[in-house]
Every structure is written in C-alpha cells, then in structure tokens.
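A, B, C, D, E and F label the chains in the order they appear, each numbered from 1.
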Amino acid sequence: MREKRKSGELRKIKITKGFINQPCASVLIEWGNTKVLCSATVEERVPPHVLGSGAGWVTAEYSMLPASTATRNQRDINKLKLSARSAEIQRLIGRSLRAAVDMKKLGERQITVDCDVLSADGGTRCASVTGGFIALALACKKLVADGVIEESPIINQVAAVSVGIVDGEVLCDLEYVEDSAAEVDMNVVMTDKGSFVELQGTGEHGVFADNELKKLISLAKAGLKKIFAMQKRVIEND
Amino acid sequence: MREKRKSGELRKIKITKGFINQPCASVLIEWGNTKVLCSATVEERVPPHVLGSGAGWVTAEYSMLPASTATRNQRDINKLKLSARSAEIQRLIGRSLRAAVDMKKLGERQITVDCDVLSADGGTRCASVTGGFIALALACKKLVADGVIEESPIINQVAAVSVGIVDGEVLCDLEYVEDSAAEVDMNVVMTDKGSFVELQGTGEHGVFADNELKKLISLAKAGLKKIFAMQKRVIEND
Amino acid sequence: MREKRKSGELRKIKITKGFINQPCASVLIEWGNTKVLCSATVEERVPPHVLGSGAGWVTAEYSMLPASTATRNQRDINKLKLSARSAEIQRLIGRSLRAAVDMKKLGERQITVDCDVLSADGGTRCASVTGGFIALALACKKLVADGVIEESPIINQVAAVSVGIVDGEVLCDLEYVEDSAAEVDMNVVMTDKGSFVELQGTGEHGVFADNELKKLISLAKAGLKKIFAMQKRVIEND
Amino acid sequence: MREKRKSGELRKIKITKGFINQPCASVLIEWGNTKVLCSATVEERVPPHVLGSGAGWVTAEYSMLPASTATRNQRDINKLKLSARSAEIQRLIGRSLRAAVDMKKLGERQITVDCDVLSADGGTRCASVTGGFIALALACKKLVADGVIEESPIINQVAAVSVGIVDGEVLCDLEYVEDSAAEVDMNVVMTDKGSFVELQGTGEHGVFADNELKKLISLAKAGLKKIFAMQKRVIEND
Amino acid sequence: MREKRKSGELRKIKITKGFINQPCASVLIEWGNTKVLCSATVEERVPPHVLGSGAGWVTAEYSMLPASTATRNQRDINKLKLSARSAEIQRLIGRSLRAAVDMKKLGERQITVDCDVLSADGGTRCASVTGGFIALALACKKLVADGVIEESPIINQVAAVSVGIVDGEVLCDLEYVEDSAAEVDMNVVMTDKGSFVELQGTGEHGVFADNELKKLISLAKAGLKKIFAMQKRVIEND
Amino acid sequence: MREKRKSGELRKIKITKGFINQPCASVLIEWGNTKVLCSATVEERVPPHVLGSGAGWVTAEYSMLPASTATRNQRDINKLKLSARSAEIQRLIGRSLRAAVDMKKLGERQITVDCDVLSADGGTRCASVTGGFIALALACKKLVADGVIEESPIINQVAAVSVGIVDGEVLCDLEYVEDSAAEVDMNVVMTDKGSFVELQGTGEHGVFADNELKKLISLAKAGLKKIFAMQKRVIEND
C-alpha cells in the first residue's frame, strides 16, 4: 500500500498512443501498476436495434488476461462462461462511452472499444473508461481526418475515478490492497462539464451515509479535474 | 403510463407469502404489473472463499421468464449464455442482501435467494431486492424457530426503489414506459436506518448534475420509508 | 401422501387466467401442490421446415424454477446444458399440442407455449399439457377476436393425466411421493373425442403386463373425462 | 420402400460381435440399412445417487454420426448442444436396459452402453435397445468369466421394435420412408417374458383409437418373439 | 506390440467401400486394429471465404467414438468442448485433402470428409488422411458420373503414414503401444508424385537430429509407396 | 512487405522483461510488428496424469486479442468455442517448452506459460515459443533464487522461427503479407544444441520437394542461431 498517501492523491498515469497498430486507435494506459490496453475498432455495420436509424453505436468489451492478477485466473473460454464481473464492467464502460458521442454524427457505423487488462492493481474499470475514451476520441479524429465523417461526434470528455472509505478515511484512486479493505467503494464517471454519467457506490463491507456520499463525490470531482486535463493534453497532441 | 401520477407516488405493492412451499421461504411480490417470485433456500454448505471461516454466505440469482416481457425473450439456455443484464442485476441483489446479514450469526450455511421475474413492467431489480429481503428474513425466522440458529442474523432491513428523470421531471418508481424514456435512471438500495447500501445512477440518455442527484436521493428516501413500513408489517405478521 | 385416496381420485385443479399480461394468453394451473405458469406467445414467423408452406407451427418449452423442487435444482444456464429431462418433456408437450391444431388454419405464424414449473409435486408434464392447451386455445380465440385469423384452428381438446402402479395398486394422478415409489408410471395424452395422442408408459422399477396396461388406460380415461370438462368450462367462460 | 411388404415382416437383422475390441463387449447391429455400433464399457465407479448402496448402475448414450442420415447432420459439439432428440432417446435406452439388470448382483460398478448410429434408415432406437442389450449381456458374461462377479446380473432379455400406422395400415418395423409418412408411430420395449418395459406411442400426424392400440401391440409382440430368439442365439453362441 | 516387426513394415490395411450408403461416398479403413469410417458428403454451398469465387472447398472433421480407446473417453458434447487434439487433427486432415483438389474444377460446392474413429490403435490421423482421400476421390468420380462436373478435380493422390523413433530404432507405422513409447513421432503426408504436403515431427520425449530426420523421411516414403498403390487399386476398381 | 529483404533476414526482436509484475516472470516480445506478452505462472499443483510421480508439468495457452489483427476477431468466449487454430498452436507451444525442462528437477509443480498476442503481423507462434521460453527460464531462475528448487530444471534452450517459400523463393521469418502468400510455410522449433523439437511444414497452396525441405531447414537453422544468442543474452543479464 502507498505509504502516507494523501486522501486525494492519484497514482501516476501514463498513456502510450498507438501501442498496437491494427485497430483504428489504441492506447496503453498505465495507472500505477494497473495496465490496460484500450483499442477502438471501427466497423461499417451497426447492431439490429439502430439499423436503418442513421445513427451509429459504441460498445465496449472488458477482459482480464490470466496473468494480470496475483493469483492466475482461468480464461473465460476454459470455463465457457463470460465472467459475471466482466459482464457487469463492460456494460458500465459501454454506457459511459456512449455518453461521449452524438450517434447521429457518427453515422451508421459501430466503434468497439476493447479494454484488455494486462496488469490489475485496482481501478481497472476506471482506467478502462478513461483510456477507452482516449482511444475513442482518437478514432473519431482519424475518421474526420480520413474524410469518413465531416465533424467529430465527440460531445463530451468522459473519464472515471474510484473513491472509497478505508478504515473510516475517504480516499481517491484506490489500489488493490486498499480496494479489498474498503468499507465503501464508489466509481464515478463524469463529463468534463461536471455532470454525472454513472455513479456506482457499493457498501458491501459497510454502508454509507449522506455526508460520506458528499465527501466521496467531492473527492472524485477533484481527481477527475486532473484526469480531464491529462486526457485533453494527450488527445490534442495527436 | 400512469396518468397524472405524482412525482413521489409508488405503485401498489402486494406480497403473498408462501406462494410456493418447497423452499425455506418464498414470496410473490406484485409491484404494479411487475411480478417477481422470490425464494430463499438454505443449504448446509458454503462457497470455497468462506469455507472454514465459521461464517455463512448469501447469494442471489435473477432471471426473467421468456413471456415476462412484451416481446418474448429467448431463454438463456437456448443461447448458452447468461444474459449480461441478468449477471449485472444478480450481483447487485446479492451485494444488497449481504448487507442485511451478520454472516457469523448465520453460521456456515448458504442462503440462495432466487428472483424469477414472472411479469416485467419496470423496477424488477428493486422488486427483487425488496421481495428478496422479505424471503431472506422469513427464512432466518424459520431457522430460529427450527432451532438451527439461536438468534436471527438479520441486522438491517434492506429495500430498493428506482428514481429517475423523465422529460426533465424527477419521478419515483418508474414503470416500463417511463423507464425507457428516462434521461437518468437510478436505483437506490438503503437500510431502514437511512444508510446507503448501493447507489447506481446512469445517464445513458443524458447526464445529471449535483442538484438533480440531491433531488433523486431525497425522492428515493421518501419512497423507501413507505416500503420499509410495508416490509416490516409483512415480516412481523408471519 | 394423500391418505386413503381413492384409486381414480384427481387432486384439485385451479386455473387462473391472465396471471401475467404480456403474452397473448397465460394461465396459472395449480394441480394439487404443483403450479405451472403456461403462456402462449404468438409470433409472425415460422421455423424453416414449414416456411413458405402456408402452415403455422406450435412449439413448447418446459423448465423448472430452481426452488420448485424439494432440493434446489441448479439452473440449466449454470450447467450450460438443457436438462435432458426437460428436453424430453418439452418434446412431448410440443407434439401433444400440435395434435390440437389445424396448422393450415393457423397460417404462417408460430405459437410458443412456455410451461414454467413454479412448484413441483408430481404430474408437471400433465399439468403442462393440460394448462398449455388452455393457453393455446385462449390465444387462438384472441387471434380470431382480433381479426388476425377468421376461424379458430383448434380441432381437438388435448389434455393429459398420469397413472401408475404403486404397491401393486393402480392409481390416477400421482403426486411426487407416489410417483417416486411407482413400479410403473404412465402419461396418457388424449383428445376429448377419446383418441390417444401420446402414450408413454415406463416400468423402470418393474414391468407391466397386458391386463395392467388395460386398467391403467381405463383409469386415465375416467380422469381425463373430468379434466376435459374443466378445460371446456374455463375456455368458454372467457 | 419395401415393395409388397407384409404387415408383420421384419427387415433382416445381422449381428457382428466384437466389431471393435477396446470395450468390454461390442456388437455391430445391422437392421435393414440401419447400422448401430453398440459398446458396453465397465467402469469401477458409480454415479452419486447409488454410491455406497452396494448396487451398480447401467446407463446409455446415443448419437448419430453426421453422415448417417440422407442430409448430413451437424455434430452436436459444433452446435454446443446435445440434440434434444438424442437426449430423449438415450434416456429411453437407459431405462430399458436397466430393466434387464439386477443392480445388486452387478455390484458397485457402472456399465455404459454407447449406441452410435453409423447409418440411419428408421428404427435406430429399437436397434439400439436390441443391440445394446446384447452388448450388455456379453459384458456381463465376461465379468462372470473373469471372476469379477459370481453370477450374471441379467434377469430379463430386453428388446424393442417399432410399429406404426401408415396409410391406415398397421405395420411392424418401419423403415425411414414409412416412418416419416406414419400417422402413428409406436416403440415397444418388452422382456422375453412378455411384460412391457416401455411403451411410447405418438400420433403427431394423427391420433389413434383403442382398437388400433390393440393391433399395434399385438403386431409388436409377434415381431419381438423373433427378435428374442435371435438375441438368445447370438448371446449363447459366444 | 508386434513381435519381431521389421523397421519398414506396415500393418495390414483393408478398405470396405460403401460401408454406409447415405453420403456421396464412404469407406471403412481398417489399418491393423485401427478402424476409421471416412465419409464424403457433397453440399451445394461454400463457406463465406470462397463464396462467389467460383471455387469450391474441402473440409474435414475428426472424432473418436467414446469406446474406441482402451479407457472410455467422454464425448465432447458432455464436456461442451471440442477436444483440442481433435481440433488439431481435423485441421491437418483438411489441409492435406485440399492439396489433392483443384478447387476451380470442383466448382462452388463443398465436400466434407468425416473421419470417425471406431477403434483406435495408433495412426488414426494417417488412416483418416489415407481413407479420407479415397472417399473424396470416389465422391469426385460420382460427381463426374452424375454429370455434376465434367472432369475430376483430383490432381494428386494424397496419403499419410507415421514414422517414429522407439528405443533408438526408426520404425514405420507405429501402433498405439509403440507410439506412446516413441521418443520422436512424425506424420508424413505426401502426394503420389513424391512431394510433401504436411510434415509434422514432434520430439516431446526426446529431440531428433538431421540424420534421424533423413532416415524417418526415407522410411515414410517407402511406406507411402505401398499405400499409394493400394489406394489406386481401390479407387480404380470402383 | 519488407522491400528488398534478404532471404535469411530476421525482423528486429525486442524483449522487455517484467512487463507485468504479477506472474512469476513475464516478457513482452516484439518481433517486427508482432507483439506477444508471455507470462510464466508457477502453481503448486500438477495435472492428474503426473500426480504422485514426483515430476512437474509445463503447459501453455495461446490467445489473440480481438484488436490484434487487421480485421477485428471476435473473442472466443462470445462464440463459446476455443478457436481451433489457437488449440492447435497452444499444443505446439506446450510440447516445445516441455522439451526444455527436466520435469523431475522441476518437482511436483506446474508452470503455465500464457502467450497473449497483442499485435499480430506473422510469426506469432514462433514469437510465443521464443518469448515463452525466456519467461519459463526466468521463472526457473526465480524458483532457484527463492530456494524453492535447488537447481534449474532447464536442460535446453528452445526457440522457433518460421520459414517458407514465397513466389518460389525461400525466406526466413515471414511477416503476415508474406505468410498469406506463401506456397509453403514451415515452423521449426529447435534446441540450442541443434536438435529438432518440432517441425511443422504445410503446403496448402503448394507442395514441396526434398531439396526445398533441405533449404528451408538450413535457413531456419541460420536464423535460430541468432535467436539463441539473443535469448541467452536476455536471460543471463537478469
């Protein structure tokens, strides 16, 4: 555990753009010891529920490599079941990223954002949303540059951070040992304009009161401010 | 859609105890046109991660019957995949119900709460948490009555209600047509002592600001007050 | 076990029409402690083998809720396999119900009859055929009332009853404890005109002779007479 | 279709013992153009429900090779689902063969009878029961010869034949073209002492009356008489 | 194990044409105690990657019956997984057989060669390639005879043999006991013109040097010479 | 395609040790544009077939990330099937790596080498064997350093390279565009002492003669010489 860490302190975040070159855009996000490879692939097809509507779609998939965790976790395919945790997380990522996009401007095409966790040390879903947004934004820039669409469909920056209560103390950006000990764990997804996209607080090892909720949200907002600045820098220096 | 409904109005909730007689306890919860059969089964075994700890475990499963929705939905087994939505919801129900129980007092046994949606008209996850808690509490009463455990392990009442923003208006207990039109949709799980257990807000068709969050939570609390009273009545009149 | 029950005695059967309101027609059939929710859903599509023939199709699915049995049974999806017993039973229900329908009159549409066992105390397949027929007939009435088809495609009433030999005695309508102790177990599906649709006799814990077969069939016929009368009453009082 | 065939006529049945030499016993049964490889494997383990009871168990598996039918049928593993028809049939074979065995005399071991259809021309389930019984009996003889058990656990000969009504005429041993055209199709499994083990009649393309049932059973009995004589000859000449 | 066997000795190979009559062509290949049923089915459709190209496709499936091995092996469908070994082998068979065919001459149709191992005593993949080629060639002859295509698309004879190093000695055509003891195991697939199609050598229980590779290949070629002569005789005497 | 490349030229290989820190050892191998993350995890358990033998086991898993290829490939879990190609490749990697290890010296523990392809541009199986060996060797060094075993069980260096015939020309280390156009494609796995471990040559778009085999092997040996030197440097500089 980080020694003498400050309540609002974020771990170091490093973004490598174009880590792999097959998808439309990819970034490796390293957030402390957590590493997630986020790739955005554009396909000229849409799922049935938007077909013919003129609008596009954004979806996400999330998966952990077997060796990404302290104890090796078996591949989903060997159990023939998508991990329920992965299912829950990829739905969260998908909803979050869709809040960033004007689907009409995207046009009838789908962007799939794959978030593959290479190394897990807490905060993988927040790293996926944050890095996934960068990959998504870069892919949209490329679509504009390539003349596929006229104008970027990105309407908001979207990023996420975790906050929690550990030993009665409110902390931002929990790493794995903190997260497992947390009484309350909350993931906050926001836009750069300060609106909430997703708010998921859970008190499995405890419950939380109104004033704690207030503190958690305030800490998350402070952390996200720095994250939005970082995202902006990375995307604009493309 | 309910005409001229009031912002904080709840639909009618009806509980039938002992709807089926095989499990330790069962209730049929009818919440407007939503009907969920909640059953609590006690088994004298625990999952590996608590084995030997002296503590018990509570878990939940959630599933919709094919004819419960307006368009028939194919059974999971025919697709060979647990619906990702069901996976997400049953994890929420499980975490919520565990917040109600002192696992040490339960002892090394597992209670599985099955929430099978017979008819879906919005709010099925809140009906599952609310009805599931009643089944769980009744099962614990039975364990005490049967002399299996000395004291009930129930430490909190737990219930859930949905709130949302529809056409800019904050509403409590969304039915299906409201839910599909909602800009923001939030599920609030609380204890009868006023603490949060789970808070899941999502703004897929919009985002939400601080003051809206405040209003949503306040509305949810008002609704939950009535629901806790109803739960208490049902459990005590056993 | 029912004490001093008479050889030809049927348990009480109760039908609740419209138990859920999404499918075209639904009935809850309570047959002693057995409860099956039967829903008939109409879809404007047919399977490949009748496509383009002008004829429709009727199919059935059967499933037991996990808490419907004395020992909780795991969901099929958790084992990734349709229970072989369910597969066998839903094929029987499907064949039985198809004998009730003139497929040409139904036209190119499919009716799926879902039989979900909420509580199992013997005779679930017979309750499914008997209740499933009612749901099917009500759905056909609705299709006529809605002007979708001109004339009802129902050409026979179809119902089922179980008979068996327990401790050497021939009994009608076996409940679970009788069924598990039976030397011979037979399910008889007939039309209201007195013809056989399906006859499935099995002697796993014994074998049976010609004269026993005769007695079993005669007892089944007597039971079915009452069941046909009940079905007729329910369908006509719609 | 067989021209000018007589109502009670059986197709030619040929048995090749020891067609493969790995399992305890195997026979290739050729019944007209239907060919089924039946193997009996003995394993020194029993399923949980008889474990510790001192009794053994007999089970069966049934499968069709992809090229066994006129139109190639996809392998189950490619669809990730056991065919529902195979599930239904292997349950029938298992129940039938168990009626032949005194499980106490078999002792705590399991015999699995695999029935793999190499070529299908109607009557595959009857060929499986009939050939499967021979493999089972030969395996039991071998167990006695090898001193594993003292006395054969076989208490009945068990065989099966199909009968049906085609164009209003009652026929025994339907081949594929007859079977697909049959109004009524019945599989009769009996012991050599003249008792019924399984009786499965189905009238999907029609229904059947008491007198037809009587005729069908009488025809089946005549056919089975010849089949029992053949089985006996094969097993004794071992 | 074959006593005093010679290094280059092949086991006896017996081919039965038309063993089953549903597919376009079928052969039972008995190679020592190994028995594989090879069937070639022609379908008037092609997989997506050649659709519209005017060319056809040849593919293979390989599977072992449960009782084909000394210890009964569970069916793939019961494990819900295609055995990785079968996957590897059927890819090898498919590639090998495609080397025998001019896809343009075959035209837009697919030939599926099913290789089902009835009895396994080593060399099943080589028996599958060798017998599979005969089935494929006979199916092509039939397509020409039936006027479906003008000219046979067969451009090479293709056959396979295994060679290996057992106790330091180079042997051809390993049976099971030899194969399991082999330091090196190699499968050689060639055309009748002396070119290699597939060469798969593996030294799991040892490694092999250049001069051993040379000896193995030379032994394989000698064995294949006899096999090509046998294949030719069988196909021409059709 | 590399312009004016020389026949025996290798692409640049870069190894990053400790790319992720959860498994016992990990390397990122970048081979041209191909990137594979190889992790070696040690578990104190062995599979059933070596249990109690005192010997250990080495196994491998291979998988491609969805965005690693030019066209996004669907995850195995979404198709519920391990790709047959992956199955084939991971068996090859596992056999190759086992040739490097004295299982007795490893003792009753298992090392799983996960090879996850992040970016695919040809030669992923050779990169997996080559990088997988480094991860395996580093894990063994760590076991010795940690005092778990006394002496390293590594008895050979193992590496792989691909060779092929493209437009009639023999080339070493094929990248994707070359590989797809190759008449013959061969993967050569050797030890640093010059013995073959695996040799897999396939001529799907052509066949190959003896002299071509000779050239291919000679080219592979030259390439492997450089690769063994690189491996050695990386492992010793640990």
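The rule we apply is simple: a residue touches a chain if its C-beta (ideal position, glycine included) is under 8 Å from a C-beta of that chain, and two chains touch if they have at least 3 such contacts.
What you are looking at is a predicted structure, and each value in this text was computed from that prediction instead of being measured.
Student: Rotation angle for the CA superposition of chain A on chain C, to the nearest 5°?
Tutor: Here the rotation carrying chain A onto chain C measures out at 120 degrees.
Student: What chain is the most remote from chain E, judged by the mean position of CA atoms in each chain?
Tutor: Relative to chain E, the chain with the farthest C-alpha centre is B.
Student: Look at interface D-E and say which pair in A-B, A-F or E-F is its repeat, using the rule that over half of the contact pairs are identical by residue number.
Tutor: A-F
Student: Counting only Cα atoms for the centres, state how far chain B is from chain C in Å.
Tutor: Inter-chain centre distance comes to 33 Å.
Student: Report the inter-chain centroid distance for chain C and chain D in whole angstrom, where each centroid is the mean of the CA atoms.
Tutor: 28
Student: Would you kindly tell me how far, in whole Å, the mean C-alpha position of chain E lies from that of chain A?
Tutor: The computed centroid separation for chain A versus chain E comes out at 50 Å.
Student: What positions in chain B touch 2 or more of the other chains?
Tutor: 80-82
Student: Which label fits the chain touch graph of this model best, line, ring, star, complete or other?
Tutor: Topology of touching chains reads as a ring, each chain with two neighbours.
Student: If we trace the ring from chain D over to chain E and keep going, which chains do we hit, in order?
Tutor: One full turn from chain D through chain E gives D, E, F, A, B, C.
Student: Which of the residues in chain E come into contact with chain D in the complex?
Tutor: Residue list for chain E touching chain D: 19-23, 26, 33, 35, 37, 39, 41, 43, 61, 63, 65-70, 72, 75-78, 80-82, 112, 114, 116, 118-120.
Student: Can you list the residues on chain A that touch chain B in the complex?
Tutor: 80-82, 84-85, 87-88, 90-91, 95, 98-99, 156, 186, 191, 193-204, 207-210, 213, 217
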